[in-house]
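So, here come the structures, one by one.
Presented sequentially are two complexes of chain A, the first with chain B as partner and the second with chain C.
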Partner chain A sequence: MGSTFSVQMLNLAQRSVVRTLRQPAVVVSSLLFPLMFWGINSNGLDAASRIPGFPADSYLDFSFAFPLIQAALFGAVTAGADLARDIETGFLDRLSLTPMRPAALLAGMLMGVVALGLIQGVVFLAVGLLFGVQIQAGFGGMLLIVLFMMLVALGFGSLGAILALRTGSTEAVESSFPLFFVAIFLSSINLPRDLIQADWFRVIATLNPVSYLVEGIRSLIITGWDGQALAVGFGCALGLILVTLAGAAASMRTRMASS
Partner chain B sequence: MEDRKAGIEVEGLVRDFKKGPRAVDGIDIVVEPGEVYGFLGPNGAGKSTTVLMLTTLLPPTSGAARVAGYDIVREGRQVRAVIGAALQEAALDPFLTGREHLNLQAALHGLPRQERKKRGDELLERVGLQEAADRRVRGYSGGMKRRLDLALALVHRPRILFLDEPTTGLDPQSRSALWSEVSRLARDEGVTVFLTTQYLEEADVLADRVGIIDRGKIVAEDTPEALKADIGRPSVEATPIEPNERSAVARVLVRFGNELPSQPETVAVRLDQGAGDLADVVRALDREDLRVRNLRLEEPSLNDVFLAKTGRSLEGAGDAGHGAEAEGEPEEARA
Partner chain C sequence: MSAGTNAQERGPYGGFFSVAGAVAWRQIYKYFTNPAFLSPALFPLFFFVAFAGGLTRVGSVPGFDYAPGYTAFQFVWSLLQAVALGGAFTGFSIAGDFESGFANRLMLAASDRRGILLGYVIASVARATATGALVTVVALLTGMPMSGGVDLFGLIGLAVLVNMAATLFGAGIAMMLRTQQAGPIIRTPIFLVLFLAPVFVPLELLSGWIETVAALNPFTIILTSARGFLAGEPVGVLPAYAVGAGLVVALTLWALFGLRYAERSS
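Take a look at the complex of A and B:
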């Protein structure tokens, strides 16, 4: 049973990666747009690094968490849209007519998201280093950043899967993108929370779990090994994965209840 | 428990949808192992809803059905292991190649790696897709997609095959190739085939027995020959040389039987006394000095059967508005 499950999962993951890589527009935009936003932000907001109490000397380093988190978001929307398309076209029905276990489909799809997260993480680190980003936690920190990115991709990917399975609509999944985007902007992505002037914004950023994901990654870049930030960041990522994965599994059960 | 001698048994199967009328209304069907059963009906008659239920993709509202001896509600996993299905839309991933589809399908069915390739090659050859095997499916024509769909349904050597309107939209050559393959499967491999179609000719050519469904109910069921024999009498169709003589020709022909629906320029009647009336028809037209450019005697068709059972012609009967499945109700219901 275990080997059947792993064969099913690996084949579905392979399909997920292959179909993503065969959509160059998706791959390029998932790499290009986060880097573009990073470039704009780090130039336009560079003066922020001179605010007293700003935790980094360079805004380029400070804002490097942005493309990493945004890329994971792209991956989530892509994966969710792909799954919704499978529902719309009847491909999910085709899969349902095999002895495939629904968990294998979910795991396979999410492995594809994680693989994309891995590629994005490596590319962004390479580009970041090329443009002078200094990772204070060194090579070990870089590995941890990639791992962190894969976890965030898994969490967001599961969220995308919930949307796809609940709505069965590509449009609905894709139209959720701005909401994800707002969630990133309403976090500490652009400024440390204690430097956010507007009270309402600071409160939202404090309540927003994205802030802790950002701060976990950022600590490796600008601080080094900060146990507390990492513990909170990883805890938040794992919590996100736990909640969204459970939600995705429940949604999958509901979707396939008739099968 | 699997019964290798079992085909499909359906008893009082019903499917309701929240919106619209009852899609399937208490149907009973028995399909013997190795038989090709043609399920004929217009759009929205309940054909696809029945297939979705029998393939476990849609739960019935009431009634029961066993496929290969397994209950479709309680033993869905076992049913899926022994059936193959090509549903109405060839659901394929445009970014994968034909070979990759077959490999994925084979892996999900648990075929060992070596066997996957062998089986894939064998099926690609059988459906004539060897040359296109490594091309992405988005470049396939409709016929190629249908053939790949059939190959995917056969990967795990199913005992029972469901084909939901497999030739809709295909060119005559692709249609003929698919018919040959379906016939071969039933004849050489003993596969039981449940085939839905709205094409009379398809049911006539392929099916050992035909069930005619209309508005969710089975209105007739037998071999195509027996169904046509039940209608009995042939019809005659005449096309006047002068279009303005159509009414005059009709007045003559109705002396020999009831008028049937036909093309605007032609007149058709079911002959009361059978083919023997034909000579009298010719003499009567001659007496009235009415000349025709085409006079054709036609044996009863399955369309005549449908007409006799429902009072409507099969062509265009789907417009009558039963339509629950035609508008995607099954998908809504699953969601």
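Take a look at the complex of A and C:
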């Protein structure tokens, strides 16, 4: 039983990865846009590193968490849109007539998201190092960044799956992109929370879990091994995964029951 | 009375302006009867809130000497972004009109097809007025000071030129491709031009490649001058208006080229 599930899951994961890789526009945009925004932001805001109390010598290092988190977001929307397309085209309905377990589809799709997160993490790290980003936590920190990115991709990917399963519409999933974008920008992505002057913004950033994901990754880059930031960051990532995965599984059950 | 006699009575430009008026009226009616007409303001509003709220401390960086403060500094960029995106969205509307077949029928009926372009531009300016006003109201509600006085008309003039230039750019692409899939091709260059300017700090505080690119970006001249108008200390007015007018002229030729291309392809 277990091995059957694994085989189903691996087959669907392979399908998910191959389908993503066969859409060059998706792969390129998920790599290019975060890097482009990072390039513009890190240079445009370089003067911010002169603010008294700024925690890094270079804004380039400080802002390196931005493309990593944004890429995970892109992956979530892509995965959600793919799943919604499966619903729109009737693939999910046909699947329900086979012995294939719905959980395998969900797990397979999410494995595809995690694989994309792995590729993005490695590519971004390579580009970052090439442009002079210094990872204070060293090689071990880099490995942890890639792992962290895969976890964040899994969390956001599950969120994309919930949207896809609830709406069954590619357009609805695609149009959720600005909401993810808002969640990223209303966090401590551009400045540390203690340097955010507007009280209302600091409160939102403090309540926004994305701040802790960003700060977890950032600590490895600009501080080194900061146990507290890592514990909070990983805790947030795991919490996000638990909540969104449970939501995605429930949504899948509802969807299969109605198909 | 024949159509030829009507055209003679209208004079050489009668057809041009009547077509422009009809297209503009239709577009304006379409915009203002659909709440989505404010959608070009959403991204600028979001960026305004995110940047003006989250980056206020950047205004205290040594060398940052914009008197009205960081919120006003970001407002000008957000306003110009709103009107530029208004132009881009008009491009999407034109592409949609081609997809639905309306634009082809319009081209068959129009006595002077150049009037179609003017009509879309007029409608776009009307829409940008509404979206620009929305961004301004939100900025004022968040406590942005308005110290420009009569100079604010200079800022409005630049915003109109930016909107016209973006509309003409979008119209050219939309008429050449005639599909709503042209959306990213219209939107992406406009976003790049907007972001490759001194968005977060003045040009003097930029460094590295972004400083070089921003210095070469014609939008930087407009943005810097627009910020001067809001501060009540106009700077580089003539170059800014010259760049704005130059862009409008060049992109009018581009849009006319798109119109001719659409005529040949229809």
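One rule holds for everything that comes next: the second predicted complex is superposed on the first by the 257 of 259 C-alpha atoms of A that agree within 3 Å, B and C clash if a C-alpha of one lies under 4 Å from a C-alpha of the other, contacts with A are read in each partner's own complex, and residues count from 1 in each chain.
Simple rule for what comes next: contacts are C-beta pairs under 8 Å (C-beta built on N, C-alpha and C of every residue); 3 or more make two chains touch, one makes a residue touch a chain.
Remember, predicted model here, so these are calculated numbers, not experimental data.
Touch criterion not met for A:208: it reaches neither chain B nor chain C.
In the superposed pair of complexes, A:185 makes contact with chain C only, with no contact to chain B.
By the document's definition of touching, of the two partners only chain B reaches A:23; chain C does not.
Applying the stated contact rule after C-alpha superposition, one finds that A:46 touches chain C and leaves chain B untouched. Contacts of A:15 after superposition: chain B is touched, whereas chain C is not reached.
Once chain A of one complex is fitted onto chain A of the other, the partner contacts of A:219 are absent, as it touches neither chain B nor chain C. In the superposition on chain A, contact is made by A:197 with chain C only, not with chain B. Touching chain C in their complex are the following residues of chain A: 39-40, 43-48, 50-51, 178, 181-182, 185-186, 190-191, 195-198, 200-201, 205.
Within the complex formed with chain A, the chain C residues making contact are 42-43, 46-47, 49-51, 53-58, 60-64, 195-196, 198-201, 205-211.
Residues of chain B touching chain A in their complex: 55-59, 76-77, 80-81, 83-85, 87, 89, 91-93, 95-96, 100, 103-105, 107-110, 136, 152, 156, 331, 334-335. Taken in their complex, chain A has these residues touching chain B: 4, 7-8, 11-12, 15, 18-19, 22-23, 86, 89-91, 93-100, 168, 255, 258-259.
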